[in-house]
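Some structures to go through are shown next.
Each of the next two complexes has chain A plus one other chain: chain B in the first, chain C in the second.
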Partner chain A sequence: MVLGVTTGTIMGLSRKGAVFLDSWVLVGLTVPAIVNSIICLLWLGLNDRAAIVAIGTAAFPAVSISILQGIKGIDTQLVSMGQAFHLSRSAIIRKIIFPQLLPHILASMRYALGICWKICTTVELIGMSSGVGYQLNYWFGLFSMTQVFAWTLLFLLVMFAIEYLIFKPIEKRLTRWRTGVPALQWAQ
Partner chain B sequence: MTTFPRILSIASLLIIWLILSVAFPPSIVPGPVPVFKAMAQNVASGKAFYDLYKTLLRVGLGWC
Partner chain C sequence: MAHGGSCTAVGAITLKNVSKEHVLAGGGRLSVLESISFEVADHSFTSILGPSGCGKSTILNLIAGLDKHSSGEIKIDGARVGLVFQQPRLLNWRTVADNVVLPLEGQLSDKAALRVIAQTYRTLVGLAGHEDYFPLQLSGGMQQRVAIARALAIDPDVLLMDEPFSGLDEITARKLRQELLRIWQDTGKTILFVTHSIAESVFLSQQVLIVSEKPARIFKSTKIDLPYPRQYGDIRLFEIETKLTNEFLQL
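Up next, the complex of A and B:
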């Protein structure tokens, strides 16, 4: 997230930065996650550090692009209006820019978490001796479909818990000022 | 207002799973009951917590 938000912000604010980092993000998006995992495991060894680096590097391009799109979509007229009303720089960031970026940040947080889970399972499946991915590989070796399903379900329940106990309350709290799209009121 | 569609959504997934488990042998699609039993055993034995902790740690740090 930190790497992705930083890269996306630099790309969104600086033209030179965008040109420079564009190929980095493209490489990150193009290299398959499995290749990423293998390289990290070979370079850093079969340990947690390799898994964390593989997960971080695989997730950052998607976050960068989401943040970049968010920055590109900022309504500059509102920023000009804030300047016309003599708002301070921090007030413009807090009250005009951040609320516009928030949906993109929240979307990228969720998307990145999804990617992280998938990469983590792959890394654990290839080169770890613990974790859900390792268990899936172990039970796959024994051809026990029941255990494969059981571990997948457990994984799914944890994801649901994270979604409903962490992400949803954060989203609700941070976007409570929004009234919602009238046509979609029925969905709420 | 959103509770009913949510329950319906989860129930539909479980029904599809149940139908598939009846249509296919347990080695291909095991039924929900043996799967929930296996999951409960993993949780009760404490094995699940260690592996979940390790995965969550890696995912959490990688995500940050």
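Up next, the complex of A and C:
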């Protein structure tokens, strides 16, 4: 799953300039995720690899669009500042462009994670013999409300844990520069 | 200054018949600068004065090497050129200290040395004790101070300033102008200062180059032989200002 997120991000990053990809990304975005899952299961068999590929392909378009937006939003004045001070190309990318993309990368990772969970459950539901999706299906078959709720709750707990233990701290650390000290605004 | 090697008398700028044309989408040519020639002595303070959009900034960009001129010759004694823009153009995710040393990071890997340099120039621009602040926590005037410190940190031979105070309120701008003159006298940099404010150019500089509009030409160079430190409200400054204003109106 995490692999899906990272590859999605990397793919989005490295294909930034390619305009012709636009339409493909759009196609990828509109294809229902369940189609991805089914095709992957058919092609790759009922295994974990199919799940990972399905997740990757489903998350990729959304991630790349988000990154593309980020790249369009880059402050070119800062880039020309870097050039004026003779910063190397790599320094401009690392120190001026990448930090501007970070919020977008973070947002798209969050989004991708959401997609991941959904697809993962779907894949498990259709073709796996383990996992939350499988369990949900199993207990649905037995019409056990309690068990379905229990599994959903488990699901939620894991999501909360990821959000508050991983994403929130990272985001806080990366965007600490945004927290202003209003009192200083007037101090000259 | 403690780093950067030699402190020889460099910093003179010479422009000879420099022209700049933009090729338009329709194939036509638009002349932006026409045969600009002037000389800036080392360690001097020169202003380029002209209305907004007349091409003053283009002259600065050519000297800074951010743009290429179509014909003519530009000569700068000394390799290092520091730039201060109209907007501070700071990296908001870096602290004040890290912003100041940004241009040096590629050349100096010694963190302690960088810290010392950052400290030196922050003190010079009156920002001592603000090293851990982020730009968005500072006022516009203080952000511009950081930008000035960053330009000075590379120990430039020439400091180019593109309307650095025009985005600030007048009170802050006045304060910063006085401090800029102090910094100039402390460091002995050659400063080339672009502005559209007649009062600002008269207050700051020893030489004012007046630029006309479309295409930009230098139609007058005025020397201002008043000693520093100059005082706001000095009647002699006011007289020069009035004279220049009249010349602009006759244009």
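Just a few scattered comments:
By our rule, the second predicted complex is superposed on the first by the 161 of 188 C-alpha atoms of A that agree within 3 Å, B and C clash if a C-alpha of one lies under 4 Å from a C-alpha of the other, contacts with A are read in each partner's own complex, and residues count from 1 in each chain.
Throughout what follows, a residue touches a chain if its C-beta (ideal position, glycine included) is under 8 Å from a C-beta of that chain, and two chains touch if they have at least 3 such contacts.
Remember, it's a predicted structure, so these values are computed and weren't measured experimentally.
In the superposition on chain A, contact is made by A:88 with chain C only, not with chain B.
Of the two partner chains placed around the shared chain by superposition, chain B is the only one that A:116 touches, whereas chain C remains out of contact. In the superposition on chain A, contact of A:52 is made with chain B only, not with chain C. When the two complexes are superposed, the chain touching more residues of chain A, out of chain B and chain C, is B.
Once the two complexes are overlaid on the shared chain, A:133 sits against chain B while remaining clear of chain C. By the touch criterion stated above, A:158 is placed in contact with chain B alone, chain C being left untouched. Of the two partner chains placed by superposition, only chain B is touched by A:150; chain C is not. Residues common to the contacts of chain A with chain B and with chain C across the two structures: 187-188. Within the complex formed with chain C, the residues of chain A that make contact are 77-78, 80-81, 83-88, 91, 95-96, 99, 174, 176-181, 184-188. Chain A makes touch with chain B in their complex at residues 1-2, 48, 51-56, 59, 112-113, 116-117, 119-121, 123-124, 128, 130-135, 143, 145-147, 149-151, 153-155, 158, 187-188. Contact residues on chain C toward chain A in their complex (touch as defined above): 64, 66, 83, 85, 87, 89, 91-95, 102-103, 105-106, 133-139, 141-142, 150, 154, 172, 175. For chain B in complex with chain A, the touching residues are 1-2, 26-30, 34-36, 38-39, 42-43, 48, 50-52, 54-59, 61-64.
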